[in-house]
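In what follows, chain A forms one complex with chain B and a second complex with chain C.
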Partner chain A sequence: MAVIGGGPAGIAAAAVAAGLGRSVVLLDASPRPGGQIWRHRDRGTLPVGARDWLGRLEASDATVLSGANVVDVAPGFRLGADVQGRAVTVAAGAVVLATGAQELFLPFPGWTLPGVVGVGGAQALLKAGMDVRGKRVAIAGTGPLLLPVAAALARAGADLRMVAEQAPPREVRRFAASLWRTPARLVQAALYRSAFATVRYRWGTWVKRVSERDGALLVTWTTGRSTWAEPADLLCTAAGLVPCTELARLLGCELSGEAVVVDHEQQTSVPGLYAAGEPTGNTGMEAALIEGAIAGFAAAGQGAGARALWPSRARHRDFSRRASEAFRLRPELRARAEPDTIVCRCEDVTLASIAPGWSVREAKLATRAGMGSCQGRVCGPALRHLLGTSADTVRVPVVPTPLGVLAGLTAQRDDSRGAS
Partner chain B sequence: MTSRPDAIIVGAGIVGAACAYYLSRGGLRVTVFDEGFAGGGTTAAGMGHIVVMDDSEAQFALTSWSQRLLDDLLPAMPRAAEYERCGTLWVAEDDEQLDAARGKRTYYRDRGVETELLDARQLGEAEPQLRPGLAGGLRVPADGVVYPPAVTRWLLDQAIHLGATVREGVAVEGVAPRAVLTGAGRLEADCIINAAGAGAPRLTPGLPIVPRKGHLVITDRAPGFSRHQVIELGYLRSAHTMSAASVAFNVQPRITGQLLVGSSRELVGWDASLNRDVLGRMLERACSFMPGLAALPALRTWTGFRPATPDKLPLIGAWPSVDGLWIAAGHEGLGITTALGTGSMLTDLILGRPPAIDPAPYAADRVMAEAH
Partner chain C sequence: MAAMVSIRVNGVEMSVAADVSVAAALLNAGHTMFRRSVTGAARGPVCGMGTCFECRVTIDGEPGRRSCLEPVREGMRVTIDA
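On to the complex of A and B.
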């Protein structure tokens, strides 16, 4: 069994299946397991649950391949990974996709300016040591992720000026009120908020445009009714998260919207292929852990173990559903791009150059949108939101891979190289 | 469907687009159908190499004449056509292949095509990324590259300007004498042109065309890595076998600085899936010629279908068993190069004018030997 992705879902899947005696290999692109949420942190500062799961993974017989970018999965399943410049192939009877989510960037005028970063991107930059002391920072985005990022920026010494949630106040209030069902989340939210208690935290507010003035950013904010501009040195903005489904699409899994369709056992429409966590559209670490564990049980043939976790999964799915309803993207976010706004930043393609009604492949061939080094990972979801196009075909390699490594992954030899 | 066109073209690939362009210029009212979108099929899957070939006299005649037609049109084409006269560099691995290069040179010289024979040192200077120890090569400076979907679009736009209609997303389900049947109804015209490429036999059973699959890879930008379309002379040998899967070294610099890396050929019907064995062998062969390729990031891989005929020449001309039906298909891997010659020749035949080159070798109903 191969598990792709070393965040909570992948860790749970690998630890559970290995604990049941399965031969498991976990392939993770990061230097060490933990995913976006637990990465870059000393073990001692992690929450108890995280430490428990990482401990379970380490104590298990699962093989962990870190720095492993899975760039190809052939039906059957034969995985090809670029492991720090080495071609590694893995033959697996079952695969769990725990590939997480990425930020959704909906283009608006100025979104490609230096100093404009993602919300999760800002968090990753902080963890990597970015110095924000004294910098005027504004955050604009949506969903529960805003709070920990705001707290982290404030703790890092940023001059935090604004935290803007695009969802309408009544939706946020209703969502917050529903948190009594999960008191731990309420406490967590309050703790985060206390870290930036003196900063404006506005609901129903979003960025309309950004320009450069006097060597800084000039952010134009709007509530729909009123519009005003404020300077900033750093703007952290995104329109929430979108599941990473490249491998699922490569293998022909059925999708619903942006999410991979799974059954009760987390199995996709492709037999033997499971998905857990963000790719299934269920957001958050808790849902990822439960779904990963269910996938681990199911892929190991332990249906009873999987079934025992169904009620817990149902609760987390309920939370996830309430969150996605409350933080649904307002249509105004899709209407911000102007004709000369860049929609594909790799190839400098403007919105105006894409004709209405084009398929994503047609747009690609006509304008090069999605042909650059990100291969449509950024502009693909944006164009799907802006123009309602369907997802483009996924091509191997799913992330840019040195040609020599790709050659080693695909050429079949007698001395077939296996990782496990 | 109200107004009756003079000619209906099935397929808006580069060949169908070239037919639409020349027929419109010839004064005919043209309607073009494509089940997908213009230039989205085999046209989009290829490299866009404009190359004069010497496989046979007929192949030379069509490729070199097409290149002259392109030269005439280039000044009017937009930047998006990405034309670049990068030349072709045929690489000889050993003395035997260098002899073949000399033969090629004589052949081209006798027919007025400029070439340049390179020894091992000159080859290294022309393409520093080639591995040392190669025997030499032959440079054909007038060859070039284009971006085929953009050229296709431009040809169709010119035709539209002259009154043509292009209907994308409409599949032609059947061809009858002087009529086509589409999902949107029946449309009549004096001439029906089947330019459906590898799909042409679906509408005209009996056409000796089979889909021949190929793989391509594109890299991230690496400006200056390579200056020519670089092909191994062994390509000729591998391109000629119709049986087993074969790979050959073929690298092309794009105007963006990206590199297209090929090539492979296999007969597997319409199975578009990645053949990872063939892909791996293709890339290893490429890296064996240009070791520096191994470090370049590969962005994506895709497959496409060349419309192959047993004698490697396209089918251009009347299809006598169906009244009013003409064929412009079966261009294998040379459709980008020979589209203009095809469109021009077919237009001359339809209008009863003598074509610039002898059309007999391309006759759609010619008798062909089986593949060797």
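On to the complex of A and C.
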């Protein structure tokens, strides 16, 4: 069994299945397991639950391949990976996709300036050692992720100036009121807020544009009614998360909107292929752990273990649904880009050069949008939101891969054909 | 004090914490621009997790490395655009 992705969902799937005696290999792109939420340099800084799961994974017989980018998956399943510059082929009877989510970046004037980073992006850079002491930092985004990121930046010594939630105040209030059903989350939110208690936390506020002034950023904020500008050294901004589904789409899984469709056992429309966590649209670390464990049980043929976790999964799905309704994107966020605003950062394609009725394929052929290094990972979701452009087909390799690795993978495939 | 390693950025030697990413080391040294876009615009890290490819730099002669995914190593040579 192969598990792709080393965040909570992948760790749970691998640890559970290995604990049931399955031979498991976990492939993860990061230097060590943890994913985005449990990204760490010193494990001692992680919460107890995270350390427990990482310990369970280590104590299991699962093989962990870090620095592993899966570049190809063929039905059956045969995975081709670039593991720190080496070609590695894995044959697996079952695959769990625990590929997580990425941030949704919607273009606005100035979004390509250095110093404008993602919200989760800032969190990731902070965990990787970025020093924010004394830096003027502003956050503009949406959803439950804003609070832990604001708290982490404040604790790291940032001069945090503003935390802006795009959702209207009535929606945020209604969501907050619904948290009585999950008291632990309410306590958690209050603890995060206490870490930046003196900083403005505005609802119904978003960034209109950013420019450069005096070697720093000048952020133009708006509530729709009033608009004002403030300086910052670092602006952390995103429009929420989108599931990473390249491998799922490559294998032809059925999708609903942006999310991979799964059954009660987390199995996708492709037999033997499971998905857990963010790719299924069930957001958050707790949901990822439960879905990962269910996938681990199911892929190991232990349906009873999986069934015991269904009620818990249902509660997290309910939370997920309420969050996505409350933090729905306001239409103004999609209307910020101007004709000369870059929409494809890799190829510097402007909004004006893409005709609204085009398919992604037409946009690619005419402008090279989506043909750069990120292969449409940033502009693809952005164009879907701005112009309603449909997602393109996925082609291998799904991440840019050195030719030596591709040649190695091809040789390994040919060897296996020759041997069979 | 955390352990330190020595890296070179565009030929300039600097001592950085041993447990940080190349992206973090560059930002902490005051580099906000890592590369020039195809039209020459300044770009730096965005997603921090290997998705956006905006933080790519040349590491030990190999171009296109995502600095947010690379831990620093003693003696590493990093080249960023000017």
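Everything that follows uses one rule, which is that the second predicted complex is superposed on the first by the 410 of 420 C-alpha atoms of A that agree within 3 Å, B and C clash if a C-alpha of one lies under 4 Å from a C-alpha of the other, contacts with A are read in each partner's own complex, and residues count from 1 in each chain.
In this text, a contact is a pair of C-beta atoms (placed from the backbone, for glycine too) under 8 Å apart; a residue touches a chain by one contact, two chains touch by 3 or more.
Because the structure is a prediction, the values reported are computed rather than measured.
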Following the overlay on chain A, give me a clash-or-fit verdict for chain B and chain C.
fit
Could you tell me if A:400 is touching chain B, chain C, both of them or neither one (first, second, both, neither)?
both
In the superposed arrangement the C-alpha centres of chain B and chain C open, at the centre of chain A, an angle in degrees to the nearest 10 of 80
Quick one: classify A:229 as touching chain B (first), chain C (second), both or neither.
neither
If you stack the two complexes on chain A, which partner ends up touching A:348: first (chain B), second (chain C), both, or neither?
second
Where does A:102 make contact in the superposed view: on chain B (first), on chain C (second), on both, or on neither?
second
Is chain A touched at more residues by chain B or by chain C?
C
First (chain B), second (chain C), both or neither touched by A:373
both
Does the superposition put A:411 against chain B (first), chain C (second), both, or neither?
first
On the A-aligned overlay, A:114 touches which partner chain: chain B = first, chain C = second, or both, or neither?
second
If you stack the two complexes on chain A, which partner ends up touching A:124: first (chain B), second (chain C), both, or neither?
second
Overlaying both structures gives a minimum C-alpha distance between chain B and chain C, in Å, of 7
Residues of chain A that lie at the interface with chain B and also at the interface with chain C
372-373, 400
What residues of chain B sit close enough to touch chain A in their complex?
37, 39-40, 44, 149-150, 153, 217-221, 256, 261, 274, 276-277, 279-281, 283-284, 286-287, 293-302
As the complex stands, chain A meets chain C at residues 29-31, 36, 41-42, 67, 102-103, 105, 112-118, 120-125, 128-131, 244, 342, 345-348, 372-374, 377-378, 400
Give the list of chain A residues in touch with chain B in this complex.
72, 74, 78, 80, 359, 361-362, 365-366, 368, 371-373, 375, 395-397, 400-412
Which part of chain C faces chain A closely enough to touch in the complex?
17, 19-21, 23-25, 27-28, 32-34, 37-39, 41-54, 56, 64, 68-69, 71
